[in-house]
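All chains are identified by letter, namely A, B, C and D, in their written order; residue positions are counted from 1 within each chain.
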Amino acid sequence: MPSSQKPDASDYSAVEVVELHGHIIDSLLLPKILDEILSRGGIYELEHMDIGVLPNDPSYAKVKVLAKTTAILEEILETIHDHGATPISQEDATVEAADMDGAFPEAFYSTTNHHTQVRINGKWTDVQDQEMDCGITMDTGGEPRCIPMLDVRKGLPIVVGHRGIRVRAGETSQRKGLFEFMSSPVSSEKPKGVTVREIAGAMREARAKNQKILAVLGPAVVHTGGVEHLTAMIELGFIQVIFAGNALATHDIEQSFFGTSLGISMDKGLPTEEGHEHHLRAINKIRRAGGIKPAVEKGILKSGIMHDCVTHNIPYVLGGSVRDDGPLTDVITDTIQAQELMRKHVRDNVGFCLMVATALHSIATGNLLPARVKVACIDINPATVTKLMDRGSTQTVGIVTDVEPFLRELVTELRKDVAV
Amino acid sequence: MPSSQKPDASDYSAVEVVELHGHIIDSLLLPKILDEILSRGGIYELEHMDIGVLPNDPSYAKVKVLAKTTAILEEILETIHDHGATPISQEDATVEAADMDGAFPEAFYSTTNHHTQVRINGKWTDVQDQEMDCGITMDTGGEPRCIPMLDVRKGLPIVVGHRGIRVRAGETSQRKGLFEFMSSPVSSEKPKGVTVREIAGAMREARAKNQKILAVLGPAVVHTGGVEHLTAMIELGFIQVIFAGNALATHDIEQSFFGTSLGISMDKGLPTEEGHEHHLRAINKIRRAGGIKPAVEKGILKSGIMHDCVTHNIPYVLGGSVRDDGPLTDVITDTIQAQELMRKHVRDNVGFCLMVATALHSIATGNLLPARVKVACIDINPATVTKLMDRGSTQTVGIVTDVEPFLRELVTELRKDVAV
Amino acid sequence: MPSSQKPDASDYSAVEVVELHGHIIDSLLLPKILDEILSRGGIYELEHMDIGVLPNDPSYAKVKVLAKTTAILEEILETIHDHGATPISQEDATVEAADMDGAFPEAFYSTTNHHTQVRINGKWTDVQDQEMDCGITMDTGGEPRCIPMLDVRKGLPIVVGHRGIRVRAGETSQRKGLFEFMSSPVSSEKPKGVTVREIAGAMREARAKNQKILAVLGPAVVHTGGVEHLTAMIELGFIQVIFAGNALATHDIEQSFFGTSLGISMDKGLPTEEGHEHHLRAINKIRRAGGIKPAVEKGILKSGIMHDCVTHNIPYVLGGSVRDDGPLTDVITDTIQAQELMRKHVRDNVGFCLMVATALHSIATGNLLPARVKVACIDINPATVTKLMDRGSTQTVGIVTDVEPFLRELVTELRKDVAV
Amino acid sequence: MPSSQKPDASDYSAVEVVELHGHIIDSLLLPKILDEILSRGGIYELEHMDIGVLPNDPSYAKVKVLAKTTAILEEILETIHDHGATPISQEDATVEAADMDGAFPEAFYSTTNHHTQVRINGKWTDVQDQEMDCGITMDTGGEPRCIPMLDVRKGLPIVVGHRGIRVRAGETSQRKGLFEFMSSPVSSEKPKGVTVREIAGAMREARAKNQKILAVLGPAVVHTGGVEHLTAMIELGFIQVIFAGNALATHDIEQSFFGTSLGISMDKGLPTEEGHEHHLRAINKIRRAGGIKPAVEKGILKSGIMHDCVTHNIPYVLGGSVRDDGPLTDVITDTIQAQELMRKHVRDNVGFCLMVATALHSIATGNLLPARVKVACIDINPATVTKLMDRGSTQTVGIVTDVEPFLRELVTELRKDVAV
């Protein structure tokens, strides 16, 4: 069978030598890169390897990549570049002026969310505002910076190709806790206690460093009875900014307005059908008041997550979607404007992100976050968690669980901290 | 289009008049029966109808069923019979002697789990030991009784056909709580608090009537950290009998034996991979001791669900399965013997059944329970809950949630009761 | 126990008599209404009932609703009104002038997606542009018409309260096929052949009536290899309009552009990781060309769903979302504008809607469709199907299955038709 | 923070040097082992490392493992031993006589499903009948052999401890296709065509080597309409043995017996409710005939999977479960007997295993299969696939898809082969 034959290296005329630094073995980067080379039709020779003797020591590998055509080689190099494999031939990055507004030159370098450096005049410089699926421009001070496609203006310098760019994917130090170890969702069959404690710990750590905690929330937070836990987290100082949509805000406000009718249903022990009228009447009331803040100030809206955001000066971005009823006055119906505002908040010192019960807003936020921001994603639907982690990166911990009990435990854990 | 034409009743020469009693409108029985008639190729005329004026008043309907052939009519009658539609022509049931061991006569009447009556000598008598998918025999005292296929012995009297048999499907009184209203699983998006309270209430009610509570448990009870909640329920007197498999018992015992190793992992905040050795060593230890009870008595097994079953005299049935490792000495490897023992327990005054995180044992138990026993089925996988409810009946409340937090809340709720 | 006691009618001083017309028994409307009355704290008396003798005959019921307070009674009446229970006291609808832009008067009537009539000057008139979660205005000709909240302008007449409005929920004629019978998703355990045939039949029927077929598509259509099936359906004339998002269009275009790279992976039999660069490069290319249509005209985009939309003059709405990369030039980033355009298409003679693998756009479309438009929703995730059906109505058939094989079978079935 | 401090090696007094051979980098074994050491409280030093220069070259690593106590060290060694890390100090295995029937000595070595060798008199010998969760005995010829716990008899020699035992986990050669690359389920969002081709290829390969193909089947094979595909596979010679339960066989037979009634429902385009009577009557008929084979011979059972097994001399094991109705005469109700028979078949030259729509029987079979047998597991429920892969090993390809369309494509692919 041909597959067991040794490939004839003489067929593989396109060659490039790449190098990798960091925790490339225990972070699985080296194996991943070797896989990518083989699966895309290349072969490799490991030219040199220094393995860290102790767990904390970084490793180093020099890998010769061979392919049958230059096109295949380029594709391989592009792919493994995202995992931190940098061509050894050290050249400066190539910069090209944008030839039109709102689009990159064809050969633009497409970013990951990992720490990236660009070589300019022989010097490696960190890219600012690291964000995936962007290009890199050079700002007026000559510093490289991520730029979304839409923000490109004709004449702006844009980095093209992938020479002179290196991704520091293997730089994270020795893995020692949940956030370093997990590469797959925490199954619903695993004990949750430790997970909750780890997340509470990461939140405390972020706050201790004066970093902000971002909460991304879906309507199931309200449906499952989690409003009180979110308001407790706001009160305790563990939420500094909220991203959500029309639905979360509407159902939160609906619960505040129509408590009595829910009250009746609670008496009878019946999960009420979500009355389609109530949510529309809630939106109508807010629109009549001129928005959430005016409704709070006029004493119309008296409790709930959105209410507490207003009274605690927690900024929120309610991003619009095509399925919105109403929507609430505060919803930003233009999705690009919403993204811009989300981006502004994300870049303003966010150190931890809690995503609860929303695929749409979680993926939107994941697109904007640099890989160094820890993320915890909670959903009862394993598909949501998997989808996020597929698009996300090693910094995400996905937990398949019921939302309300999880939030209750998290608040209990966070309170402990406050008590101490 | 032909479907909009009025069917010509003269084509429908096979005719039978059936009647229905009870809460046939609000329990959806009448609509279901009319659906069945149409979908199986028949037509109907509603000959007479008395609707209860007040909610508690029973209703009555007389329906003429017409079909093109006797075969189709018979099939329709068989199907709607299970929903309580009894042919109006009152005849005694037909009884035939079994012609061989271990199988019914071809024409045997196949039971449902609803209250059923058989007409003998002009008198309607309740069927004893009501259980689905059985036949009906007449015991020595002349009373009708459900009998499994395997227990048939040559010569035993077996009820055949469906004349002289009536199913009291519409008899449940006015629906007024969770157990009466729910016909679909409690979604993971619904608040769980009320549900937990309803279940706790149903458990208290069963205990107040001196009925037994049966717990059917899967290994995720242990995996998710639920052991302490189960032992609390045993302690509080809310579990009188347990059905499970080798896995639940093994993991419970493994946790008791190898606490220290789990301890280390807890320190480090890491969900440990379930060591395949530990569960095998746990089984080996129990086999060496001669079983769970001897292991408890010799001081080898000191805690956990199985331990507490022994110390509190809670009987358990560990039903074998082809995927069992070991198995533990206490596992009944013959599935028919296990069923027999389960049947014996189910018939011994069980009034409530809590099914947690096991499709296999839950469906097995559901097969044995009469429709009057309330069932709560808890699983994080909606497919499991749906599958059980498809096979089960209106008495089952299915809850899609994470197991451990649910059990924690249930215990908190049950303790309240004890305090009062 | 108090619950078994007969409620004392003298406590129930708030009274209203309602009536129901149509197929109220086999469509389960009457049972649902009785349930609602009881579960919201009311009681009822069935004052009069005429049951259709034959399956096609409509029925009639007169129900006295009693509650302890007027507030409870009003809530019950509001709820059951949506199911077609109209107060018997015939009054004209009340109309009030809007007191501000962009919001209804507090007491506005909130619409369902069912056929609705308004009583004006003693005459019942059909509401135009039926859509759920809207209000009703009177257009200049005096005809009632659904109006979204955002479109309200100060001074516009708005229907308030629920007197003089009736919902014809029970009007659908005798149920005789998949679309009439299904009230729960088609389980993944059921045979799919018949379902596919039924859907193909409904699509042929719509086309035979010159109605348009609307396809609502998620990116998994492309991921699973379904592009060729969609283009076949366009070719065969079974798609007249498409709703989707940036992702579907991008991945469709990416597949067209980077077929070679996918080709390589196919050779090696490896499901390639979705390269994050490719989709961004695809978007960039389209933006550089000035949009999808220019890219087709310039010969840049040569195949795929979006290409075929351009060459076959199939209009499409690409609704923006906060998670969009790029986005493509054609994406309508303002969600309200996108909704408006979707609404315009929906009202333009759409007779059938096929929703595939997208929760977001499917729910958005479901919000706009009147109940008379048949909908088939296909997704491998049961949660998506359930969520849509919860919000949708009896006209939706939900099918839990793998997308690509389903589409392949559907095309095979549709071709048969063409052959004949 | 202490975690960033370098651990003081002097605290780590318990030391052992282990070595690893094979494809330890691209098979992720080395990273996994380093992880395990750290997560269980140890530290490591990489003493020596030879990395294969070319993809096919094996690698070698010598790792010093340090722990604070001997107990922790032992636990680490036990865990990493299963991944192929063997203590460098070469000693013979220790053998101890069993002290009782039906249980191992406390210190028994617990097997994995990987190729294992035992050192006896200085010579490494392959373990026969490799199977996970067993012990190792020495047969009369002095060869090591896996033995289930239940088969232990007092006095039998049993290997204890883990010295003198090595696991060849890293031996699989260069990964080059689906079966070598996949470590996670094939998502429902991935194209299935290639997957089907790979599986067909593996089945052809097994047949070309005269190996047997084992099919493990759940009832959804019948429910979804897959009977004809299975019988085609039997006809084409791609199934040599079947494992299933009472449900698969019963529903297959039910479909054969009651085709007409299904026929009617097909005419009307309605997915019929699975009649509970039909399956019971099917079982009864088979019991009356004396089993499946007699029923075929007497002309009672005329088609279906079970029928074709009889006419093609395909052996089957129907393993009993506590949820079985009836059961069929052929069901082996004792689960230990069923396991024994399954074990006998598995060891008789099975080279490929296809698991479809059953968690119970798939896990049972996975327990018995050595890691060298390729496995494809198909289920629409991702939880089932994940559960199997968690327990299984690198040889399993899990595919989340709808069963019937998958089987149809597989048969189409297998027929191509036959044509060529």
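As a convention for this text, a contact is a pair of C-beta atoms (placed from the backbone, for glycine too) under 8 Å apart; a residue touches a chain by one contact, two chains touch by 3 or more.
These figures come from a predicted structure and were not determined experimentally.
Using the mean of the Cα atoms as each chain's centre, the chain most removed from chain A is B. Of the two chain pairs examined here, B-D and A-B, the one linked by more C-beta pairs in contact is B-D.
Each chain gets one centre point, the mean of its Cα atoms, and the points for chain A and chain D are 37 Å apart.
For the pair chain B and chain D, the distance between C-alpha centroids works out to 32 Å. Taking each chain's centre as the average of its CA atoms, chain A and chain B sit 45 Å apart.
For chain D, the set of residues that touch two or more other chains comprises 39, 176-177, 181, 268, 270, 381, 383. Only residues 39-41, 72, 75, 78-79, 82, 100, 102-104, 106, 108, 110, 112, 132-133, 149-150, 261, 264-265, 267-268, 270, 272, 275-277, 280-281, 283-285, 287-288, 319-327, 333-336, 338-339, 342, 359-361, 363-364, 367, 381, 383 of chain C touch chain A when the two sit together in their complex. Residues 176-178, 181, 186, 188-195, 197-198, 220, 223-225, 266, 268-271, 380-381, 400-406, 408-409 of chain C are the ones touching chain D in the complex.
The touching residues of chain B, when paired with chain C in their complex, are 3-4, 6-7, 25-28, 30-31, 34-35, 38-39, 43-47, 49, 51-56, 173-177, 181, 184, 187, 382-383, 386, 390.
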